[in-house]
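Chains: A, B, C and D, in written order; residue numbering restarts at 1 for each.
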Amino acid sequence: MKVHEYQAKEIFEQAGIPVPREVVCATPAECAAAARAIGLPVVIKAQVLVGGRGKAGGVKRVEKQEQVEAAAGQILGMDIKGLRVEKVLVAECADIAKEYYVGIIVDRVGRKPVLMASAAGGVEIEQVARETPEKIVKVEIDPAAGLLGFQGRNVGMALFDGDAKLARSFAGIAARLYRVFASRDCSLIEINPLVRLGDGSLLALDAKVNFDDNALFRHPDNEAMRDRAAEEPKEVEAKEAGLSYIKLEGNVGCVVNGAGLAMATMDLIKRYGGEPANFLDVGGSSSPDKMVTAMRIILSDPNVKAILVNIFGGITRCDDIATGLLAAKKQADIRVPVVARLTGTNAEPARALLEGTDVTPAATMAEAVKKAVELAGGGK
Amino acid sequence: MSILIDEKTRVLVQGITGRDGAFHAQAMKSYGTQVVGGVTPGKGGQSVEGIPVFDSVAEAARATGADASIIFVPAAFATDAMYEAADGGLKLVVCVAEGVPTLDMVRVLEYCRGRGTRVLGPNCPGAISPGKAKVGIMPAASFARGCVGVVSRSGTLTYEIAANTGDFGQSTVIGIGGDPVIGTSFLDCLELFNADPETRAIVLVGEIGGTDEERAADWVKRNCRKPVFGFIAGQTAPPGKRMGHAGAIISGGTGTAPEKIAAFEAAGIEVIYEPQELPGRLAAKL
Amino acid sequence: MKVHEYQAKEIFEQAGIPVPREVVCATPAECAAAARAIGLPVVIKAQVLVGGRGKAGGVKRVEKQEQVEAAAGQILGMDIKGLRVEKVLVAECADIAKEYYVGIIVDRVGRKPVLMASAAGGVEIEQVARETPEKIVKVEIDPAAGLLGFQGRNVGMALFDGDAKLARSFAGIAARLYRVFASRDCSLIEINPLVRLGDGSLLALDAKVNFDDNALFRHPDNEAMRDRAAEEPKEVEAKEAGLSYIKLEGNVGCVVNGAGLAMATMDLIKRYGGEPANFLDVGGSSSPDKMVTAMRIILSDPNVKAILVNIFGGITRCDDIATGLLAAKKQADIRVPVVARLTGTNAEPARALLEGTDVTPAATMAEAVKKAVELAGGGK
Amino acid sequence: MSILIDEKTRVLVQGITGRDGAFHAQAMKSYGTQVVGGVTPGKGGQSVEGIPVFDSVAEAARATGADASIIFVPAAFATDAMYEAADGGLKLVVCVAEGVPTLDMVRVLEYCRGRGTRVLGPNCPGAISPGKAKVGIMPAASFARGCVGVVSRSGTLTYEIAANTGDFGQSTVIGIGGDPVIGTSFLDCLELFNADPETRAIVLVGEIGGTDEERAADWVKRNCRKPVFGFIAGQTAPPGKRMGHAGAIISGGTGTAPEKIAAFEAAGIEVIYEPQELPGRLAAKL
């Protein structure tokens, strides 16, 4: 789960990580008041849950008080990669001497959190990793011991060319960053850029905090930061029904059990000249009800021209799927053709249930995909 | 032979008195797995499907000589069950639960590593060595004894691939799980398959996210003496969106399908684009 | 550092460990009010930092309201093992079905914290350990993982004969107890007795919390619980001067560098028929000032008939000790004979400094001890 | 031979630019110890008494091939220095500081154990193998090369005892430290002394508190092939009072001198009541 920059900054401030003076605002008038309080120049930054807001024009530096409202008005309401800007952050312009990157993620290979830092701040760390990996300093964090004092200090020494004073203040920030990471179950925490100011102090100019979805159950404070407005309502509805749904751009709707098989089905649709309309995993033990919800969600997408049901029964019973499919057909007016491939647990009774209906049966995944793509009108 | 589990594996079912635990204990036992005991605190002395239930893993392990367990408890309690299994001296712990917090896994894996306990999962279907033992939740009828080793991050896609090994059958089929931090990697399984005389070919079923496939490919290039086939799910997945599995997310330009396929090709792994290609490709190599 | 029962109970309450309804009081009138609020019968318990208050008459059960003030008056001001009772705890009388013991200490051998529990509650755990060790259930706590859920539960199952409900509520208490132990750097934490009530719930009837002295620097909340009134003022003064002093009952005062050598010196005094008046370690790098303080503290004990200075110089320089000794003699009127044995670093200049003074020199520890015992008038 | 340290031990001084660090670095170097480097963050590139200073242990270890270190930093920073030493791959770390929190020691010792690093201390004078190397703060003049191994929980009492080995001299003298939780126990040292050909007799200098002496005695009874002498300080110490050392406290009837002496006697360890008895007793046995 992602949170906005201003929320991440609140977390930082509580943790004692230095952040600029800044105010989150929802209207141009609020922005004007904030700028007056902070003092010009200020920077106005769109609060959206996607990257690249700078390129999209979502960040503006304003020199004069009388220009604040106009600039804020341009950013508020702006559409950035499909998301509407509802809030902006009005922030002081820091006296930046140099920009750095610092972040913590869990390294999947080492199975441990890793502190990463780089003197190439302001740039995406993945780009630095690809182009100049030698510029990234990394240390593995022992989960039992936590980020150790010497580790933060040594990373700081590397980052600040042996300046022990800066290294120590960096170590303090890194320690606080890890404390937030561990205590709030983050999947990622980043300061990019961390800036060194003219006076030699360090400041977190931008902040990114992602929470582990699997740990939200024990962090009501994390959950409380969710921005429901920024989420796809169909994806939320699916999640509440125990389904995993992601809308895509194509016209072949898919209902699959298992994330891997669902992705493989999408890939095969593409391979056979079609375009998948969605990712949908009905999950483990599927009740007929879930199937009804799945069909309704898929059909709410007007692009969908055919539906492909691909089930390999294990815990999921094929007859439950068939029953759900028939119930969905009864409850809603399904105007598009449905192809069903049901194999594994209880495939026989499932086939019997669907016999005589207008659901097109298929014996293999390949056959099912071919038929569905064809029924959707090919790749067009 | 086979890897991880065989007819001698003595299995405990943690959470045996729950709905899923009882169902799969019975299914594994019917398959021929030596399900020697179950654990549910407070239900010690009872039995489920003829399997004795104990209050703790330590007690169960002492009484039954178990060396493995499979956990059927909700995600919030799964790590405690893994700790208990490791503390009880079990060598293999399979965790099916989806939704275990990543940092909990980081901690429990460190604990298990220190005690010589291998974790398979979480968020995985387990393992099956057809004709010998099943420690998992897969539909037994989809598997047949043979010579192809299958290792996968998925559940049902694993069944689909295994079903497409045709007459070659499978030595062992392992689902390693769809989470970012898991106990057993592709690489771990490849090493075991490479050393297993019964396994003549290996199928690696990867998906987008992470770099586990790339690491495995690198190892294959340098060490593997058997034909390896690779499949990657998620070629059409957009970046930044989590495709069901917590681990299946393309972040910042890494973990994409093209990267993984390129790594496979560079390592001499034959890339499979459709499960149904598999029988022909296997026949050509074996 | 030890804290009173009522302070330990406050810690328990904050941590969510169930404690009886009880009020700490300093006067009989407060006790009467507390008893009225709680309801009779109540138990009045002396708050002193030593064990054995029950045997000393420091715990009384009171049945009637009109008896409360009298009972409280007997306990308040009472002397228990040299400590005056300044406060009492007025507590509800719980409906006890059975008493248990639970505690956490660091096991020196395993170098890990250990959770111990026993169905023999109310008795000192050391006595249980000696007499019926099989009645103690123990689990080692991995410092990285903390006390694990299954560990608390399994100890609970053993304690409560397989009652899963009691085992779970025990596990909850044990988990909280460990959280306090680890987060506040305790050296010992005990509930003795933990009682099972008639209604099947568990309650911490008595509580003992000792803090690690070495960790006080990072726990102002621990330090704030210190009861200065219960401490020997001379020991406090010594500590503030960087000395470690403990008053004993004999007449030979000792000034030694190093705790081990100080104890060995005391033992030798006893062996040669004397009685040590104190333990005193001047510590590592000794400045002359420390020596002056040490002499003043020792001389404040009227029992002291002779002073033995036994120094094996390492970091400590013998000439510093000699200088300090002479300064002390100059500043104060030292009416008792002093024997000094100074060896190791800078022993030569030290001997030169003392030559011609009335300090009796000694070449070995044995010789020094013999002379000091003799000068103090033997074992009398 | 000797134990723990000898003329080949390559030592780093952590906190070398501090007052104590600089003083003892010089003293150890003068004694002949291979003091190959010092560590003080931010002072890398400088030198102290001709010893090069580095910013980190990792850097120092890489540059100098050090395998041991001695820590001269205040108690509040001592655990971090131990972590860094273990992380830097050093095999032996001596911690002199008094006042390290016990639970910090519990954690850091677990970390060090996992990395194969032995900790000596904290709150200890270190070790000396007379004529070969000194990694500690003891006055060198009080020690002489010879055949008696001395292990002790104390500082100055250790010097007193060592000075009383007379003409036999010492193979290695070790102060294990006066805290309740320490990295190296009596037992660890006994095992090493027992296996060391240069050591012909062992003196165990214990004190009240804990059961480390009892455990050592038990081991001696079953395994030790050399004469062992035992001394216990604190026979006159009252229960419940901490005698200077955090570890020297009699609690609940355990850790008393009579218990320890009884354990020594039961194990065939000759009990010494005065340091000056030692020369005669050694002569009678050697």
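Here, a residue touches a chain if its C-beta (ideal position, glycine included) is under 8 Å from a C-beta of that chain, and two chains touch if they have at least 3 such contacts.
Everything numeric in this text was worked out from a predicted model, so none of it was measured.
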item	value
Partner chains that chain A and chain B have in common	C
Chain whose average C-alpha position is farthest from chain D's own	A
Pair with more cross-chain C-beta pairs in contact, given C-D and B-C	C-D
Chain pair repeating A-B, as identified from C-D, A-D or B-C when over half of the contact pairs by residue number coincide	C-D
Intercentroid distance (Cα basis), chain D paired with chain C, Å	27
Centre distance in Å when chain A and chain D are each reduced to the mean of their C-alpha atoms	54
Where chain B and chain D are represented by their mean Cα positions, the distance between them in whole Å	48
Multi-chain contact sites of chain B, meaning residues that touch two or more partners	107, 110
Where chain A touches two or more other chains at once, by residue number	142-145
Chain-level touch network, classified as line, ring, star, complete or other	other
Chain pairs in mutual contact under the definition given at the outset	A-B, A-C, A-D, B-C, C-D
Footprint of chain C on chain B - complex, ascending	41-44, 55-58, 77, 80-81, 83-84, 87, 107-108, 110-111
Touching residues (chain side chain C, partner chain B) in the complex	142, 144-145, 148-151, 153-154, 157, 162-165, 167-168
Touching residues on chain A, where the partner in the complex is chain B	50, 106, 108-109, 111-113, 124-127, 129-130, 142-144, 182, 185, 187, 212-215, 217-218, 244, 246, 248, 256-264, 266-271, 276, 279, 281, 284, 311-316, 343-345, 364-366
Contact footprint of chain A on chain B as seen in their complex	75-76, 98-107, 109-110, 125, 137-139, 141-142, 152-160, 163, 178-181, 185, 205, 207-208, 210-212, 215, 231, 233-238, 240-248, 251-254, 257, 273-276
Touching residues (chain side chain A, partner chain C) in the complex	143-145
